[in-house]
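I'd like to ask you about the structure that follows.
Chain nomenclature is as follows: A, B, C and D, assigned in order of appearance, with residue numbering initiated at 1 for each chain independently.
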Amino acid sequence: MTAAAPWPEGCASATCFTFDLDGEEVWRVDEEGARRPGVRSLGAYEAAVALPLILELLERHRVTATFFVPGREAERQPAAVESILAAGHEVGHHGHTHRSPASLDPDEEEDELAAGLAALARVGATPTGYRAPNWDLSERSVGLVAAAGLRYSSNLMNDIRPFLHAGTEVIELPVHWLLDDAPYFWFSGDNFERCLRSAAEAGQVIDEERAGLAALGGLAMLTFHPQLIGRPGRLPLLERLIADAVADPTVWVATAGAVAEFARREQDPAPREVVV
Amino acid sequence: MTAAAPWPEGCASATCFTFDLDGEEVWRVDEEGARRPGVRSLGAYEAAVALPLILELLERHRVTATFFVPGREAERQPAAVESILAAGHEVGHHGHTHRSPASLDPDEEEDELAAGLAALARVGATPTGYRAPNWDLSERSVGLVAAAGLRYSSNLMNDIRPFLHAGTEVIELPVHWLLDDAPYFWFSGDNFERCLRSAAEAGQVIDEERAGLAALGGLAMLTFHPQLIGRPGRLPLLERLIADAVADPTVWVATAGAVAEFARREQDPAPREVVV
Amino acid sequence: MTAAAPWPEGCASATCFTFDLDGEEVWRVDEEGARRPGVRSLGAYEAAVALPLILELLERHRVTATFFVPGREAERQPAAVESILAAGHEVGHHGHTHRSPASLDPDEEEDELAAGLAALARVGATPTGYRAPNWDLSERSVGLVAAAGLRYSSNLMNDIRPFLHAGTEVIELPVHWLLDDAPYFWFSGDNFERCLRSAAEAGQVIDEERAGLAALGGLAMLTFHPQLIGRPGRLPLLERLIADAVADPTVWVATAGAVAEFARREQDPAPREVVV
Amino acid sequence: MTAAAPWPEGCASATCFTFDLDGEEVWRVDEEGARRPGVRSLGAYEAAVALPLILELLERHRVTATFFVPGREAERQPAAVESILAAGHEVGHHGHTHRSPASLDPDEEEDELAAGLAALARVGATPTGYRAPNWDLSERSVGLVAAAGLRYSSNLMNDIRPFLHAGTEVIELPVHWLLDDAPYFWFSGDNFERCLRSAAEAGQVIDEERAGLAALGGLAMLTFHPQLIGRPGRLPLLERLIADAVADPTVWVATAGAVAEFARREQDPAPREVVV
């Protein structure tokens, strides 16, 4: 485990509120989904309803968040990305299409990275961090991220604190399924085997994990999908998670980008080789 | 999000109790299911046991509901549909066979719509609304619904309030899996991977979502399947959901058809293009 | 729904405790399972540990139960079946191999029925009732059951009270997944997607359903698998379910065979055609 | 059921804390997983974070545990295995690669056993017990384990107390999915259908089963995966399970090897033929 390191202002741990703005892209990425408006409407909910409600909630609690956006979704919903930027939040890279890098050949992966950057630039976003669709990196991904001049990756589950990707300047901000809303809430007509959990049940698991991370001085990288957490019945859970974090003086609440730069500057994070 | 709009009689939100009367059709739609009386008996429970109990419960609480019925089930159980109509409930279109429109070719989809209307007409029902099997619209569905003279669709998940399908007179009454009993209760020998939830667990999730919708002035489109909610152990949940709604003076309880016409007349719903 | 009918001794509802003694047969039925002692050990637990504990529990509460036994399991574990008979419990037919009748061709299904009867006869059992493996009847099953002289079937989910299979003397004793322990507890290395529930969670769902059935004057056909309910952590649930039923003077606790004969004699059950 | 037998020092039951140190091997065993650093990072968490935390916890409660280690993981993480040995814990055999013996041909299975022993020997471990990957024995496994001079197997679910494999000197220490953390916690992007349970929910099921085993004088073979139980939010569950066991004077807490040798020496365990 990366050695314990100080967090700012005497904080004992850190928390990021991050949102993967997949919108319709997650359904349009395959041809069949693109032809099914019923299924796609789950994603269309994001720009139409969920995002404004989440931005209002973040503003009310004065929290600055990070939104990872696929390039094609930025092209489809430029006003959504602009509203995120206008509210002062960070926008990160989340692929161009929503396809796992591990499923792409080398040329495709390079093209995806470039196309996503270009699409985000066109709506005024200059990402410094990369989160892969499905967190599913290929063995080339970190090298490509470094070559593109990005400063951090938020994709791996092998630590609870930031570390440095060996041989690069890329900081890793570790994630985990436990702090992602998808395992609890992802449900469509096509994955009917799933158990659709209540916000109360999901909140219990998330609370266990963030309490454990706080006790160990770790980073709680909360990952939400506006189409999931933005449902009327789940927004109170998001609000409670935000309010708890803000009210706790020992928790540093910051964007992913701010955490990456702090770690780089102040924590002297150990380099690690993840592709061996 | 469609702008907040007034609900009748000073109500702050609306609730529909809707039932998809799939009966045996959901099992007979494929040839293998048709030859398995054990599996089909799940659907036969509907007309034999569930429907009379649900009609009695609705009558006791003086609630008028909407039943979406596949044409072939109306042919198989005409007395069931007649008992629904005799009790003053609305009957809507739910396909002819229980096949997803997105899985049909254009001719088949058109035939399904016409055959369902004809079968419902033969038992005395004149639907004004359409709910697709599996809520799984094709890109042609809304146009066909409009051409058939139907007035509303209840299939999409991209809003929490009624909206108008652009270029048509069709009002959309949004739905969501969270307010459907199937994700909690659907269980047969063939989907054994599923987690069979208690009525208490399902009620917790449904309560979260309808409270959230009420707080935002939305429409809670509750969707039940008599073969699921009509089990003896689940009827108390249905009764509690009905009693809660009826007892709350800020909730307008109405049929889907009544909500669609109210929205059209009084809410000036924004037109939206869902197939792009 | 079959009309309400009196239960004996002024009881308002009835409960059967039934056990499907699948043992290793449920794993040996396919060739791959037969070659995997690790998987099969789940079934071997039944005769070695679960059955004696369950028989002791039933005796302590003076409850007579029904055990449905596949013929091949009776051949493999004759002493287990003999201990069931010696304790005064009913033994019913549960196929010869543990294969769904709906998956068999007509000759195979007939052979299964005859072979199961013969195997049970060799250990001294004379079944009067039939429960199909997986409750998965073919369209021929009821006719074959009638032709074999069996008096009841316990396989269908289309009612909550006994009924008569039209054109036969066969009484149906309805079942449901909600009252089966398998949806909560079935778990092997090969169905790893499942959610393994606690006894407390399963008990909550079962309690909801049996309370609902009691309120409606129905039959609670509790269905257990000794390899599941016989685990040390689940036996207290079985004991609670038994103790609750025995302590309630309005519940008639009886074997499936006794319920079938009572219904035939005293309830004038409506005939129903289940294969149309 | 194996007859009740005395446990040491007047204890009424026994508990082992065992850990399957699968690490990256469980992901690297197939070629696709090996090329996906995102997925593999779940396993890399084990040596980097989970193991040191678990070793600290065991030391604080003065519990000696058993770690089953695949040979290839020992080659990849020799320092991890050395830290386990240095802390005085037992190291057992867990295959060489993480492949089910039931899926191997005879030569492969023999090679796996030898290669695993050799790899463990190179890091200083001399296993006396064998736990198969996925507990999925072939029909040859027990014979091979006996021939390799190993003293116990911990793989089968057909009893709740130790027994002797007939015709060998190999003691079986029975296991069960209920006492394994994987059914509650295993979750990756590739088995997204699963229900991710809270530590509280998992603890409830585990508590039910170990209470039942204690009441029957059985052996609670708790099986953990450091990549699962070692998450910050789950370590408090592990600590509670350890603290409960240690605080209960009627529970004998021991390594698997110690339980096997005690059973052999003092319990005169009944021989049983598991492959028939």
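Keep in mind that, in the parts below, a residue touches a chain if its C-beta (ideal position, glycine included) is under 8 Å from a C-beta of that chain, and two chains touch if they have at least 3 such contacts.
This one's a predicted model, so the numbers in the text were calculated from it and none came from an experiment.
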Touching chain A and also chain B, the following chains: none
Angle (degrees, nearest 5) of the CA superposition of chain B onto chain C: 90
Self-contact between copies chain A and chain D, residue sets same or different by half: different
Intercentroid distance (Cα basis), chain D paired with chain A, Å: 35
Intercentroid distance (Cα basis), chain D paired with chain B, Å: 49
Per-residue multi-chain contacts in chain D, two or more chains: 193-195, 197
Chain contact topology (line, ring, star, complete or other): ring
Chain A residues within the chain B interface of the complex: 35-39, 41-42, 44-45, 48-49, 52-53, 187-189, 192-200, 231-236
Sites on chain D touched by chain C in the complex: 1, 102, 132, 134-139, 141-142, 155-160, 176-178, 182-184, 186, 191, 193-195, 197, 201, 204-205, 208-213, 215-216, 218, 272, 274-275
